[in-house]
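Below is one structure; the comments refer to it alone.
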Amino acid sequence: MKKFTSVNDIDDPEKLVWEAIQTKHNPLEKSFLGKGKTMGLIFLNPSLRTRLSTQKAAINLGMHVMVMNLDKEGWALELEDGSVMNGSSVEHIKDAAKIMGLYCDIIGIRCFPKLISQEEDNAEKILNAFVKYCSCPIISLESATLHPLQSLADMITIFENKTTHKPKVVLTWAPHVKSLPQAVSNSFAEWAVAMKYNLVITHPKGYELNEKYTNGATIEYDQQKALQGADFVYVKNWSSYNEYGKILHDGNGWNLTNEKLSLTKNAKVMHCLPVRRNLELSDEILDGEKSLIYQQAENRVYAAQVVLEKMLKIETSVKTKSNSFTKSIMV
Amino acid sequence: MKKFTSVNDIDDPEKLVWEAIQTKHNPLEKSFLGKGKTMGLIFLNPSLRTRLSTQKAAINLGMHVMVMNLDKEGWALELEDGSVMNGSSVEHIKDAAKIMGLYCDIIGIRCFPKLISQEEDNAEKILNAFVKYCSCPIISLESATLHPLQSLADMITIFENKTTHKPKVVLTWAPHVKSLPQAVSNSFAEWAVAMKYNLVITHPKGYELNEKYTNGATIEYDQQKALQGADFVYVKNWSSYNEYGKILHDGNGWNLTNEKLSLTKNAKVMHCLPVRRNLELSDEILDGEKSLIYQQAENRVYAAQVVLEKMLKIETSVKTKSNSFTKSIMV
Amino acid sequence: MKKFTSVNDIDDPEKLVWEAIQTKHNPLEKSFLGKGKTMGLIFLNPSLRTRLSTQKAAINLGMHVMVMNLDKEGWALELEDGSVMNGSSVEHIKDAAKIMGLYCDIIGIRCFPKLISQEEDNAEKILNAFVKYCSCPIISLESATLHPLQSLADMITIFENKTTHKPKVVLTWAPHVKSLPQAVSNSFAEWAVAMKYNLVITHPKGYELNEKYTNGATIEYDQQKALQGADFVYVKNWSSYNEYGKILHDGNGWNLTNEKLSLTKNAKVMHCLPVRRNLELSDEILDGEKSLIYQQAENRVYAAQVVLEKMLKIETSVKTKSNSFTKSIMV
């Protein structure tokens, strides 16, 4: 696997989930795999779970980890190709990416959207520069549009808790006071569809996600109707995609309550965290029996680890081939 | 040992000091103990000695270390239980703590007081959230009220230098231009008393520390009288506890001079560092023969290491038990 | 090697370059050398290449690495000896340096000039405090006046690409919009001279570097004349040394073009990075066949690694002696 930026980089998502669960049973079993290899974790935005869980995953595989807060510890980046750099940016993203790829065997990069221009965020200039210019495999640690490690952890968690082959999974919009990215929701949608779950997305009108990611899901504007018979309810706020980055609704009536949960099939409740307690979700639900939030967070380690394993294996196999090739030349 | 937040978490402080000295003789002897284990070092405030010495201690024990400046690299934290998080805080301390506990085998946390409300600082909300919500052992890297790793290093240093069984130890207030926490002084007091040393604390009126920590020590307002016959003089500034966080005295007359030191029994001089030279203590004394400041700093490694050793041993023993239990179920 | 702050710390620069190339062939061959040793990387300024490549080099040698952004994570530093620290600085550089030396086996330190006072920057107070007060070897990660790891990487790159024994190397000043240090240029000059290359430096009048570093090089104000017959062209901006830190020239006419390159002997083009594209150098040249910029960046790892190897070897040999000595006392 040369990159992990979306579910489309994966041949068989269900198999990957299964392998992650095997890894969880014995996280140190493959600690030989990353020996002598170095992972670079590059952050342009805050991170807690991603920072620590991906680091832990790399450590479990025997890798060394170099963490860099590129926004604070490095140089101001230029994103435009061909620009005359006589302003405030000091280094072009293509040089920074290329060089970090020289020093690392795998790179993870976090680059949030600015939520100002739909076109610019969709272009994923930073992530794509890493994919294009790094000679090593790239993992998205949440980009402008997607957060595949979170979604894989979510899929592992659903897999561990589901009692039916194809559960009904409801992604419900929640109130918030700030304009948030669509990345977690986009990504959850495309993974749940790829897992062939029955995905229903519910939100106020105007909060439709980019159809590119929700293709295969049912959109249902009536939250109560959506919740009926649900096995899992994933709670998440996002800002409008069509009126890009805008907050269109004050959230009234969209809180998930125990009363609403009674419409479900005893559904488990999920959230990617960080969660604004008693705004997005109540303490009662978050700390209650149905909450899977900490299991999701724990599974972030095994999501990252199974992806790293695949990258390390391919790299090793390529290197072995290359060695054989070298030997055959030398003979 | 499930937590190390105060001398009260230790059964036998003198034994711990003795074990730390054994560790110092061969710091790499137990590098197998932390194999496959991860230490999380979480900072909400600046740190030099604590950051590097604790990291070094963990490395000496074979652990992996993940350092996180939670104030800069993570999310703004909410400390109030039950609050509706519709303001600027993004993640509740209980979620942050719980999850970091999932990723780490031992966590160290630094959380200074704000010195605004005595009640709030005494509540130790951040430290206590980690103790309560983390499933792993917690080490204080200096909390609002105490700095036990510093005090343990101080006790090791006194032990290494004392020439009498129960030395006279004087903690003397020093001038400063900023309002400083009482944590180092509180902590030094409770450790020195626990070691059964003859502890005298001297300071201007109004600078009385919280009696909870100085119980067992003698308070002597006359600095010269206090210094008479001292074996060790620990120099430290702190702000008023009763008029909380206030600076009440300009410091005139409270500088430790060589003349004053002549009242002692050739006392060694200590300071936890960072020290404001020629304000808290003169270059002459800091760089002189009687100064133990660098030995104290060096002993920070062995203080941290002996505490980590105890935590790793207990954890290993618990895990072994848990495995036996699992096996007996499986049979 | 107790310090690596300038080419003058090296007996035989050419031999060092040769050894670095050996290391590049098998970077993990000496991973036993740093076992149980800790490298401290201390930054007072931004860093990308230096941060990651030096870390990688230490990892390749089996060392543990502790990275500290001293400006952001530590305490405000006092640089003046004997000052009364009643202002904003919290810790004296001599205490900080001394103590970091206690926790680390080798320390790297980055401390840029302020470009305000020639005298102050030439004094190298921070670097020299580390050299003076640390008991462990010190590596400059770019100081106020020199950047020896960059220059060593540059020399490795020239060595790998040269087709003649003593190539003509031209250091040419380039346009820029900000006032930049002279460190890279100073350092390149003294290394190129030490390698006995034919070094020509070309720049507008007023941009003469400190002669201390350019002694042995030819200064040629006519850029085109300078470029004639060049084997390597090193492009770099720096601010005026004589009118200290000033920008004296708008850069017009000083851009390196393909037309100008046609005057050379098919010269390779070098830059230390970060480079302001289309200001210092055009995309066309940077991304063209003659560009060595990424090879230079990659060689930063092996430059750092060969220096660390020398330091680790000497330290080991000293320690072995010291042990024998101890044993002979004990017998």
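Each chain carries a letter (A, B and C) given by its place in the written order, and its residues are counted from 1.
FYI, a contact is a pair of C-beta atoms (placed from the backbone, for glycine too) under 8 Å apart; a residue touches a chain by one contact, two chains touch by 3 or more.
Here the structure is a predicted model, which is why all the values come from computation and not from measurement.
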{"item": "Rotation angle superposing chain B onto its copy chain C by C-alpha atoms, nearest 5 degrees", "value": "120"}
{"item": "Copies chain C and chain A - interface residue numbers shared by over half, same or different", "value": "different"}
{"item": "Centre-of-Cα separation between chain C and chain A, whole angstrom", "value": "38"}
{"item": "Sites on chain B at which at least two other chains make contact", "value": "72"}
{"item": "Chain B to chain C touching residues, read off their complex", "value": "28, 31, 43, 46-49, 51-53, 55-56, 59, 69, 72, 177, 273-279, 283, 293-294, 297-298, 301"}
{"item": "Interfacial residue positions of chain B with respect to chain A in the complex", "value": "36, 38, 40, 64, 66, 68, 70, 72-75, 78, 81-87, 89-92, 95-96, 98-100, 102-104"}
